[in-house]
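Chain naming follows the written order as A, B and C, and within any one chain the residues start at number 1.
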Amino acid sequence: MSEQETVQDGLAELEALPGGARAALEAVLMVIDQPATSEELAAGLNVTVAVVEDLLQDLQREYSGYTVKAPDVDAVGFADASTAPRGFELRNVAGGWRIYSRSDFADIVGRFVLEGQTTRLTQAALETLAVIAYRQPVSRARVSAIRGVNVDSVVRTLTQRGLIEDSGNDPESGAVLYRTTSYFLERMGIGSVAELPQLSPHLPGLEGIEEYYDASRM
Amino acid sequence: MSEQETVQDGLAELEALPGGARAALEAVLMVIDQPATSEELAAGLNVTVAVVEDLLQDLQREYSGYTVKAPDVDAVGFADASTAPRGFELRNVAGGWRIYSRSDFADIVGRFVLEGQTTRLTQAALETLAVIAYRQPVSRARVSAIRGVNVDSVVRTLTQRGLIEDSGNDPESGAVLYRTTSYFLERMGIGSVAELPQLSPHLPGLEGIEEYYDASRM
Amino acid sequence: MGPSLAPSTEADSAATADTPDAGNPGSRKAGFEVRLANFTGPFDLLLGLISKHKLDITEVALATVTDEFIKYIRRLQELGEDWALDEASEFLVIAATLLDLKAARLLPSGEVEDAEDIALLEARDLLFARLLQYKAFKQIAGIMGETLEQEARRYPRQVALEGHFAALLPELVWRHTPEQFAELAAKALKPKDAAPAEVGLDHLHAPPVSVKEQAEIMGYRLKLGAPLSFQTLIADADTTLVVVARFLALLEMFRDRVIAFEQPGPLAELTVRWTGADADWDSSSLSEEYEAGAESYGTVSEENGSE
């Protein structure tokens, strides 16, 4: 049996279940406790990545209040419940898919979910996090130099919060280097650090200094 | 203002949100870990228990494949996506409500869960378990502070593996406290936590360690 | 994740509280205006002009800026504005950078004769870049803070594995004896000393001159009471490095508000006077930009912000 056939069998098997492949994917999304990539989901469901990605997009649209069949629904003049947004959404963050409660309901959900509530970061912590995010991997000393203050305790807090992590040592100085974690991406709701806002528009009158100061990193 | 009025206000407020009260209830059900009673849900949503119970039944029916408007759908001869069962179901277990993956997909979900599982604890999991064993009952935040890293996912793994369990809430902070289980004792081959070897021989200069952590307790 | 079911007003307020926009200095700074002989306008604009070389830092009387700022802050406090402290600490950070910048610009910049001079010139450009960078990161931090807050309104589904799935998990391999486990615990529980950030290499190139040590000397002399000129204070300095260290020490002490400068005009004689009410001041409160170990400079800006 070729691999292609196996994959096809997987899909056929799923479609035979009540609710089909889409419901099967939903069932898997119910038990994951961290973002799952489309590859992982495809492997688990025994279908191709393309199939899973189509299904994920369908679900995402449906949860947000538009079914794939919206035109038909309009045509029959019947506003079905499924066109209203659901209380949850499917998002692709930190390279994986995961179900979140919709932000409109944050106040209500917050009454039930005490933990995982993170206290707001201080301005100092935010600035340190920003420097690490844009300069990673980076040593404490370098972050200190940029911020003009000692950042040891802030770095400790950020590490404890799981927003940054040790990424080995600088080959020259031996200093511990820090980088942001995938949890950081999750908290920012982005797929990778490349999606962070551009730094350059915030640097005024930069001509020449950029190359001078940090040619390789801006 | 009478209590009745307050409750009515709560419902009107919810209905003003996208997706209405039903979506709000869904949002809560989707992210709670422990089943919630209809009383708890009603209190959190600020509506009456009767309203919540109606909504719960609606949702339960909808997830199982029948929308409240099923007869209309039949009338227009159009099988909308929302009439197909979803991959999850709303179950009332031991008086509490929670969303679970639908049992039809147990095989698929089981396969997915097993994939990528190892039979060995990671070093991070072992160290976290050790801290919990010797400091129980202890909150995740405190374990985090001791280990210097975020331990959320490791604590989940250890709970899943039945090595630690929830032992109530800290009276002050409300944080969940963890302790080791009898399965842990079994795996260690000891009768009680008191039989764990004393730490002192392994830790020269341990005196004052309690104060050290308690001072910076978070 | 072990959500609790108890409705909590505290969690509620944490999720909903509005912060005044902590990250955007533009919106908060709008209130403070600098009035100098050669410049009138908001503090941000002053910084902008300096960074664009349209205003020479050496022409800016920082003492005037500071005096005006203190007046401004007092006015805010009288009006009961609660963000006065935020703005004050932000001002300190920026003013310190300006002082460093000014220090670098004021150093004799004649002929480049030796490596030390080159190092000083580079330091000046670095300070410049640092000021710009700092401002950029501050803005970005504001944007990140807003994003994090928006995103925190979404709660991920991360529930415990249902019992029947958990039962499917393969049995754990467990090879630890209680003794090995205790050893592991001892290791995990040991207080972790902050690892040294890096191995300092500076001492390989130049004899170390401690700013802190120089600050102590300056402090001792100034606490005697009489105002002293900068010339007097550096009269016994045997190397340029000591002069630089003393100047930096004075800037640090100024930042600590224990001394005041008087200078009738650009390049005129600089007089230093002890103003610290606190006779106990010592150099241990100095920033560790130059020395490792202390935390004091950190505390002002570390703890302010949006909380």
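We take it that contacts are C-beta pairs under 8 Å (C-beta built on N, C-alpha and C of every residue); 3 or more make two chains touch, one makes a residue touch a chain.
None of these values were measured; they are calculated from a predicted model.
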item: Labels of chains that are neighbours to subunit A and to subunit C; value: B
item: Far-end chain from subunit B, centres as C-alpha averages; value: C
item: Innermost chain by mean C-alpha position; value: A
item: Subunit A and subunit C: spacing of chain centres that average the CA atoms, whole Å; value: 32
item: Centre distance in Å when subunit B and subunit C are each reduced to the mean of their C-alpha atoms; value: 41
item: Inter-chain centre distance, subunit A versus subunit B - centres from mean C-alpha coordinates, in Å; value: 21
item: Touching two or more other chains - residue numbers and ranges from subunit C; value: 1-8, 155-159, 161-162, 165
item: Interface hub residues of subunit A, defined as touching at least two other chains; value: 29-31, 33-34, 88, 99-102, 109, 111-116, 156
item: Subunit A partner contacts - residues on subunit B that touch it in the complex; value: 14, 17-20, 22-32, 36, 40, 44-45, 62, 65, 67-69, 72-73, 76, 78, 80-82, 84-88, 99-102, 104-105, 108-109, 111-113, 115-116, 140, 144-145, 148-150, 152-153, 156, 174-176
item: List of subunit A residues in touch with subunit C within their complex; value: 29-31, 33-34, 88-89, 91, 98-103, 106-107, 109-127, 129-131, 133-134, 139-141, 144-154, 156, 170, 173-176, 186-189, 196-197, 199, 202-206, 209, 212-214
item: Subunit A partner contacts - residues on subunit C that touch it in the complex; value: 1-8, 11-12, 14-16, 19, 22-23, 48, 51-53, 86, 93, 96-97, 125-126, 128-130, 132-145, 147-159, 161-162, 165, 194-195, 197-199, 201, 287-289, 294-295, 297-298, 301-307
item: Residue ranges of subunit C touching subunit B (in the complex, touch as defined); value: 1-8, 10, 155-162, 164-166, 168-174, 176, 178-179, 181-192
